[in-house]
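Chain naming follows the written order as A, B, C, D, E and F, and within any one chain the residues start at number 1.
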């Protein structure tokens, strides 16, 4: 069960409204790698977790923190959308098609034209659970597989992409309040990348899971001839120069092999004739 | 530009049709972590890559291989759906509501009831670019961020989840042809997990990128006090027992700190009054 | 079965084209609470209705009217997109990155940049069944539950949100034709809010349904201790000051109770160990 | 900011696993009117709220409670999916197409065929943020409009539909644990329907908003002739018998009028000729 | 503006309920090529049409007819879902996991397990605007391009696929009422395929549009060397035997040419180095 | 199985970056009728094809070519997004709300405001598998029905709409590199329209399929009275003037008949009373 405190985890108010930046910032709320994703991903992983208590507890700690990150960003966006849309009563004097050729549009008109229309029409100045192009967050963005090693790699990536996106938005703003708030979120992303990398170490140390995932599947049941072959299917052999083409594999269980001119090993593709009641097209 | 050979990379024909298993197997084609995802993810990463040639070439090698994996699975599904839907001409003798109480439904009726209806009605016995519940694959499943470290972690996870799903489907089948074909795909997933882990090593060795992602963002611009703090927000302190709560962080740049009773550091959440032309509800 | 007349229910032609406003206006066609939603919602409710004829007839009356509202808006958008995209033959003289620093872009370039690209590329100047960010209308926006009380509340809300959005768009335009057409739609939304509120009264008067929905479910089957408790889960007790925290409940069947410091009543969350064939991570 | 306690708000363990019921129960987690919807809807409404503190606090109280409802259901589903998929090692003895004609399939095969395949393949025995057909929850399900009256009607409806769905699932189960847990959720839905109805009363009592929504838009700006007209567009006049066709309107500001044979009031629909550069088809 | 009559265009009541067939039949309502698609496609094409009146009128005739087809199918599904879900009060006697091994499940349990759960839980026995796997209809299924030749080919295809799907469902049913109703819809699909083919002839006869679409784009602006070349990119030359590889092209403006061993004509793919503020990975 | 060559099928580099045009051009990659659609459509049709080898080979030839078209466009977009977002360090001097009234925004600010934010934040300067409004490509865009005649009409339309869209984008650009690359793609669309029209001829010549689709369904099983009737359901009889209202039908099997005043032929729509356990609203 959950509880809420009214103070935000961290927050500095923007100096100025900026509805266009608000549109861009939505990527951090409702994009594939926004805070809604990590919040839901860690909560579902925690709820579904059957492993030792330290893992379940850790996942619920961070999942709970992420709810508060969505809250921080929702507050940030409400401040940035403030006063939008600007008043357009004087717009009538300007026929945008005919007159516009002779001069630039007014800044407030351009802002109205470029902001997310939903921030005015749909939410009346509030954040929405959508991304920077207005596409709604959805449940297929997240994964909670039951296999913690697979999930922890998903979490490292989510935090890496999340920090990358926060950094890009940091560079796209000049507002001290926005930058200060983002600098806190970037720091938390640093922590969380490290946290999941540490959790991968812990899983190995505890002997619960290893690479390749899932590590307990009997290796003799896979076609082991193909388990360490690199297939060179794009013209040229520059790919031969990398770590992935030679030496011991990172899982420590094989040696990489480079197939320079690989050929198919299966039969020609074909599909059997379907039930005639389906009225597909067939031979005479 | 691309070329096609008619033989499949690997393939063993199923011994028997099994339309219900065909429905389940669609997860490996069009699910979030199916072959369409890795195919499109590696191709877009390769096309957008600006790094040294060995990386771009490697990504296009594997992206090209994955097109062929979608092809293998499409052939597998066509064989499994074969002869479905079974003939229902004798079904009229059985009122499923009234008569059914006295006996089981016929097996072919249950198969028709449980298979993906689209495999009959929509595709006439062929595979579709959808997952095991019929949800269509979509472009938001993939990521090509321009930051190779972030992307390679995404790729490790995609292959880990992909192998996990293939292994689960392997266990759910008893058909020798299906199992043999899957055992090849599982082996390729072993290779590809290793390949991306090796690529992470290579990026570090080349000095192109490190952790935390993105590694070139100036650390002094983030709120470094918060960069290695674990916030205990779920009741109990089992989470303190893990690697993520103490010692040097995996990026080697900090020491983990455990906040047992963390308090919010920001002001109370609030949102400014919007433009009155939006007719939101406000104070009197 | 349906028939069509060529005259529109109401319409005043816009004085000027305005492709940016056309983009915004799409919210009223294909947004979650646009005319496509109310049209499909009332038609499906009407088709599925088993209640007295006056309800079924009423729902089909208004559902049929709403088809005509989509038609009005489609005509409005075609007029607003007229002549777009503006001719760009002279754009070549302006390198937007380099030269632009010295002056504003031309108005027609800004319009092209800000309009919905689909209005040019995809539909060639016509309306589309999408919202103001180009997201397509979909069938999960609507509800026809078979329970008329639940549905009529959905309909009140759809008309309330619909009128709110139309009013916001009214304020965002200065074109007399647009404003006149919208003032008619706003009036119809007034009617339709009232109509559904009246239908709620009628359901109660007819003894068909009451609150809470569904009213015929035996109350003794629910955990009645919890049926009128307010759980204070966000810090502070301002929520105690509202009507929802004291007095008789609006359904007339209970007294509100305010739990200032509520505690969980269930056991600790846990999940059973899954089938080992799923290769989830588990204890040693 | 948020905190978590490990005990669930309420919970009784199911007596038996039932993966098919788990599939159906997903509607209450990730359907349009499941717990994820009310959780996100109330949180966003609370975060965006600018009204008196009692409203903002109340919305965050209930939004926080709903996170815990998702948690309860996730736990319930993990128990119901337990042991699935059943072992299929003996399935090989049965050719489902050929042999099946002579006898029923085994129960465990039917369960595997009918359960949500994602519960095995994708989540390894855990709940997913999707509905009963596997469609992912998405952000367009929720509304936070800034107008509290519009939003409170949305909330009444969400709780009405939510209780209706919980009641239907209650009737579809015979497991005492499931029924007991649902009977608690049904009680909370009773409370929450009442809570939002009380909040509507409070908004009116506080003079913040009234009907029709938005109540502060100047009535003289709408086409008032049409504000209380019922248009009879479906053959027959049964719709004339209802409360919506006569008497004073529920908002108290008009008298209903019944148009038995309404005619269009606008001009014929037409669309202007688009820019020739769009290569649409036009007159010779 | 639209009007409704209460009688259906055509309808024969099913003899028996069949909730599983109801699930399958949803493909004809809300699938990509179901009646909702043709209804919305023809209406939007008609509303956006600027051509001679006979075209606009014809498109609105058929679009209006298709609303009635959705209505017919909604009625059909309501009859098929009748009485579902069957009563499960006796199910308690059967532990599906343990006991089920010894005998088949009861028919009504299998029906409940296989029907669309939404038909019970969400819609209470009514049709929904979704397809046979429960995926909601959406606005990106339809096209109204402004170019009538492009649109009429879309319409031929929609009717061809629509008739194919109706025929498959006809073969999958043994209920005389269902078959009779479908036989009417199949006939209308015959008409509509012919209607759009005739409209293509008419466009050519009127000189409004021809092939290739769009026919008025100056041919000298395209790279005409490539306009009639067949590129053989899949191993083997069976494709050389078809009409598409030799002779005059169907548009009468070129001669097909077969490139047996085609080579790329462009430079090597590359992407420029992005702005360093984006923190992508780049060369040392 | 597939192979890749590093040179592009055709390509001319843009002279200047233009991130706004890059946004618009995404329609050709990930829109409903972009290159991803034709690529996946032809590949799935080819993989599922059971007809004579010349058809299967031809479909795989063109499907393979289309992978290369996505590649060309991805390269084009990477060049167009180059250097975006422009540096905004000087933006601080301009309060967009207050100062903007007195002058235009700078060109680079407008570009940042109007470009697809994902091209900066999400992909770091690379193309994405989405359309011009950022909506992701999805698998329900494509069809592979098993009936080649139905599919070939889908393919004609996809190429017609594709060429129309490429032509519109050609007219919207003034960059010689962009125009040259598009002129090649337009030429290929000319070829592919012709190719599918030729394939339709071939199917007829081979006696495999004819009109109406599916041609082998026994005509006596459809309600033949209705197979050639035109129903005039939109006021006025302009639709009587077209080829579709008189003469022999294009399939050569009937005569068109024009019903000027058509009446419904079925009974009144009704729905049976559902199971009381569903708690729908019913008569007293």
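Quick note on the criterion: a contact is a pair of C-beta atoms (placed from the backbone, for glycine too) under 8 Å apart; a residue touches a chain by one contact, two chains touch by 3 or more.
This structure is a prediction, so every number in the text was calculated from the model and none was measured.
Listed here as common contacts of chain B and chain C: A, D, E, F. Relative orientation of chain E and chain F, expressed as the C-alpha superposition rotation angle, is 180° to the nearest 5.
Remark: among chain pairs C-F and D-F, C-F carries the greater number of C-beta contacts. Centre-to-centre separation between chain B and chain D, using Cα means, comes to 27 Å. If you average the Cα atoms of chain C and of chain D, the two centres end up 13 Å apart. Counting partner chains per residue, chain D has residues 1-9, 32, 47-48, 60-61, 64-65, 68, 71, 75, 78, 83, 85, 103-105, 110, 114, 120, 122, 124-126, 130, 133-136, 138, 140-141, 143, 145-147, 149, 164, 167-168, 171-172, 214, 217, 233-234, 236, 264, 269-272, 274, 277-280 touching two or more of them. Taken as a contact graph, the chains are fully connected, with every chain touching every other chain. Per the touch definition, chain E reaches chain A in the complex via residues 164, 167-168, 171-172, 277-279. Contact residues of chain E toward chain C in the complex are 1-9, 30, 36, 40, 43-44, 47-48, 57, 60-61, 63-65, 67-68, 70-71, 74-75, 78, 122-130, 136-147. On the side of chain D, the complex with chain C involves touching residues 5-12, 32-33, 46, 53-58, 60-62, 64-65, 68, 71-72, 75, 78-79, 81-85, 87, 120, 124-126, 135, 138, 140-141, 143, 145, 147, 149-150, 153-154, 156-157, 159-161, 163-164, 167, 170, 183-184, 186-191, 193-199, 201-202, 205, 211-214, 217, 221-234, 236-244, 249-251, 254, 256, 263-272, 274-275, 277-280. The residues of chain B lying in touch with chain E in their complex are 1-6, 47-52, 85, 88-89, 91-92, 95-97, 99-101, 103-105, 110, 112-114, 116-118, 120-122, 124, 130, 133-136, 145-149, 203, 206-209, 214, 216-217.
Those residues of chain F that touch chain C in the shared complex are 16-18, 20, 23-24, 27, 31-32, 83, 86, 103-108, 110-111, 114, 131-135, 164-165, 168-169, 172-175, 233-236, 264, 269-274, 278-284.
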